[in-house]
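Labels run A, B, C and D following the written order; every chain starts at residue 1.
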């Protein structure tokens, strides 16, 4: 789960990392008030779950509170990578020296948390990693204790020769590792960490991604979810144990299993079609899950055909068929439905669907995908004429 | 032959009195697996369809001689269940549970590794040595005994591929779902090492997906050390970056872990990569032929 | 550091272990009020850092609030093992079933925390350990994570055959281990844990000892120190880096090093004398430390002679001598002072003392002890005549 | 010969720029110890009396080839300092620091043991192989090279005993203060094992005190496995129960860890126990004579 910069800064602050005070506001007027209250030169930053905010015009400097209000007004009108900006963070601008990169991730291969540092902060760290990987220094740390102080010092010395400065950076690294563990982050990043001209080190920007599995178990983490960033469909899907991600295409996909769902999307693309979504109905699927899945998918007006790809294992094909029939009875769905059922109770499922006359059958995954693409095309043409 | 499990494997089921646990305990037994006992704390002394239930894994192991365990408990209790099995001397722990926090698994794996126990999963469909033993949730009927090893990060996609191998008359030595989570007990590389040393595994099908770099490492291992024919398929070529595609581990993070990278690495290592699922069977047949194994 | 039952219960409550509500009061009137507010049958328990409170009459039942007031009055007049009772804990009496023992300690040999359980709770656990050690079951646990749930279940099953009850006890064990780690305890004990007749398990008595080294680093733990139990001399000693424990005898001892100080005490006893204290002036001793040590010792009217046993290493003998001379100048000390100085700057130290004419010298530890005993006897006799 | 340290030992000093660190760095060097470097984070590049100071132990080891470390940092920083030394490949870490929380030491020891580093202390006066190398805070002048091993939980009491041995013409192979804390890196048993295997240690003086049961275990080891003459002294026969006698580990807890128990265990194992300090020298001479070593 992504959280906002201001939330990440609150967490870092709680763990003793220095961050600038600031205020999250929803209107230009509030932004002006906040700037007046904080005083001095301000930065106005869009709070959206998207990278590249700066390039998109989502981060602006303001010398006066009037200017802050004006700049906030502009940013609050933006849409960054498809997401409308609903909140801005108003925070003092700092006179800063060198910019460093500090970040903690979970290293899958070593199965340990890992701290990464670079003297090249403030810029896109992926670029540094790609072009000059030797400028990034990495160290695994203990998943209970966090980064030991001595490890932090060793790491800090790789990016800062000055003994006193390195000690200060090491202190931030220890706290960053503890914040990372404390909130079950998959990523906790300070980019840049800056040395203030007045002395001391400060996290100028902050980014934390949380482990969804941990969020599901901890109400304090769940509380960080931004209602503005919520998607009703995704919420509904989550509630019913479905995994749903909207895409841009016209073929609604219902699949059991994440790997098979991805492979189905890929196959749609392979044959020239365009999937409208990723949707995994999971293992033990009940008819209700299928009804919900169809509700979510048919809510998207772009969808021209629906593709079921079910390999029954724990998932019972008759349950899926019942779900389709129920959904058709309860709501009017006038879209072609292509169904591929294999495995547990496939025959029974097919019989249920045949009786309702609702579905076009396909024997294999590939036939099903090709048929769905054909149906979507026909349907679309039919509508246009 | 097969890897990890066979007809002698004695399986205990953790969480056997739960809905999934009892259902799959029966399913495994019906397939022919020796399901010797189950564990549900507080319910020791009862039975599930004739399978005795114990309060602790240690107690179950002592009475039944179980050497493998499969875990169906809910995610918050899974780390403890894995450690309980490992500390009770279980050699192979298969964690079906989905939704275990990755950091908890990192902590568990530190301890488990020191104990020398092998963990499969979490978020794994399990593993099967067709005709001998099935531990997990896969439909046994689609499998066929044979000489192809299958290793996968997925569940149903594995079934799809196994079914295809079976229809192409390519039986399986062992098929393993290693699990869709970022931190898992047994990685591609670990399984490939076992397949390499298994004289009755002629070739390997590797089913990867977006996220991480395990496929890249597998590619290097296959070309440099395994020296057995291998065919791969990678799911998620069209997955958008930054989104978690169902599996906790299936996410393209900051442009890393894309399907294209993985496919490039595999092909560079000389491993044929199927573009669509139906190519896997033919590619495997071809690979076996050119190796003189068919 | 010892803390009171009511403090230990607060800590256990914080970690989710069920304890009865209760109130700590200082007067019989307050005890009556507390009993009235809580309602029902009450237990009144002396809050002193001493074992065997029950046998000493420090724990009483009261059926009414008037009786609670009366019983509290009696207990507040007691002195248990030399400590006057200044506070009582008023807490509801429970209808209870079986009593279990649960306790966590730090195992020196394994260098790990260890949980101990017994079905024989409510009584002196040392007695159980001495007579029927097989009735105590032990298990080490991880110093970061605490007792794992499965370990707790295994341990609970050794003392409770019933599956459901064992699960409940296991839950308490996990929390006890976490409390133990969280407050850096050297001992955390529930004796007894009782099953309430109404259901559920409750810590009827609670005992926690804290690691002094951790207390010195954590203000939240230091805040648990009971001012009533404070000893001005010990506080003063601690402040100056001295380690001081008062005893009953008449020979004041000043030694550098804990082992040597103990050996000196033993030697005093061996030769028929009686040490007035244990006092270790520590390693790098300044004259000020010696002055403080003399102030503390001479405040005890029982002291008839003072014995210095100094083996100079880091401790410089001239510093010790200067301290003695300064103390004699600043305060009137009319007690014989026997001094043994060996090691670093011993010669210089002796010269300083010789000039002041204040001390009786001894060449060895044994001579010094024997001379101090002789001087104490002479002095005592001199005073009496 | 000697155990653990000799004239070839290359010592680095952690906390060298502090009051104690700098004082004892000089003291050790004056005794003849090879003090090759020091570490104080943030003060790398400076010097203490010609001894180069580094920011990290790893940096110091790389430049100086140090293989032993002595720690003078304050207690809150000692666990980290021990781990830093262990991770930098130091074989022997001597922790002088007093007041380290016991639980922190338990955590540190888990990690250090896995790394194979030996820790002496904390709350140790250090160790000395007379005439060869001194690491710690003891006055070197009272020692004399010879064939008696000394192992002690105390500081100044050790000096008292060593001085007595020296005046009885009983030189020391190595004298070690293992530290007065409840959780320490090297226990009596560990040191006795080393003395057993040291051909130039003829007899051992063991100086115990109240608290714990290390002396009891040492007694069993000496009688069953060591087969070298040993003499013991136990401090605290008159210590009141429940009070911490200066050392964090010197406490009689619930009637356990008394001096009498320890003395009984030692005597039962056939080890003479001196009632007063001045008996140690004569008892050792006697023990050596009856073993034919004098």
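As a convention for this text, a contact is a pair of C-beta atoms (placed from the backbone, for glycine too) under 8 Å apart; a residue touches a chain by one contact, two chains touch by 3 or more.
Values in this document were obtained by computation on a predicted structure and should not be read as measured data.
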Pair joined by more contacting C-beta pairs (A-D or C-D): C-D
For chain A paired with chain C, centre-to-centre distance based on mean C-alpha positions, whole Å: 55
Distance from chain B to chain A - Cα centre to Cα centre, in angstrom: 27
Sites on chain A at which at least two other chains make contact: 144-145
Chain B, residues touching no fewer than two other chains: 107
Arrangement of touching chains [line / ring / star / complete / other]: other
In contact (per the touch rule at the top): chain pairs: A-B, A-C, A-D, B-C, C-D
In the complex, chain C residues that touch chain D: 106, 108-109, 111-113, 126, 143-144, 181, 184, 186-187, 211-214, 216-217, 243, 245, 247, 255-263, 265-270, 275, 278, 280, 283-284, 311-315, 342-344, 364-366
Residue ranges of chain B touching chain C (in the complex, touch as defined): 41-45, 55-59, 77, 80-81, 83-84, 87, 107, 111
Residues of chain A defined as touching chain D within the complex: 142, 145, 148-151, 153-154, 157, 163-164, 166-167, 170
Footprint of chain A on chain C - complex, ascending: 144-145
Residues of chain D defined as touching chain C within the complex: 19-20, 23, 75-76, 99-107, 109-110, 125, 137-139, 142, 152-160, 163, 180, 182-183, 187, 207, 209-210, 212-214, 217, 233, 235-240, 243-250, 253-256, 259, 275-278
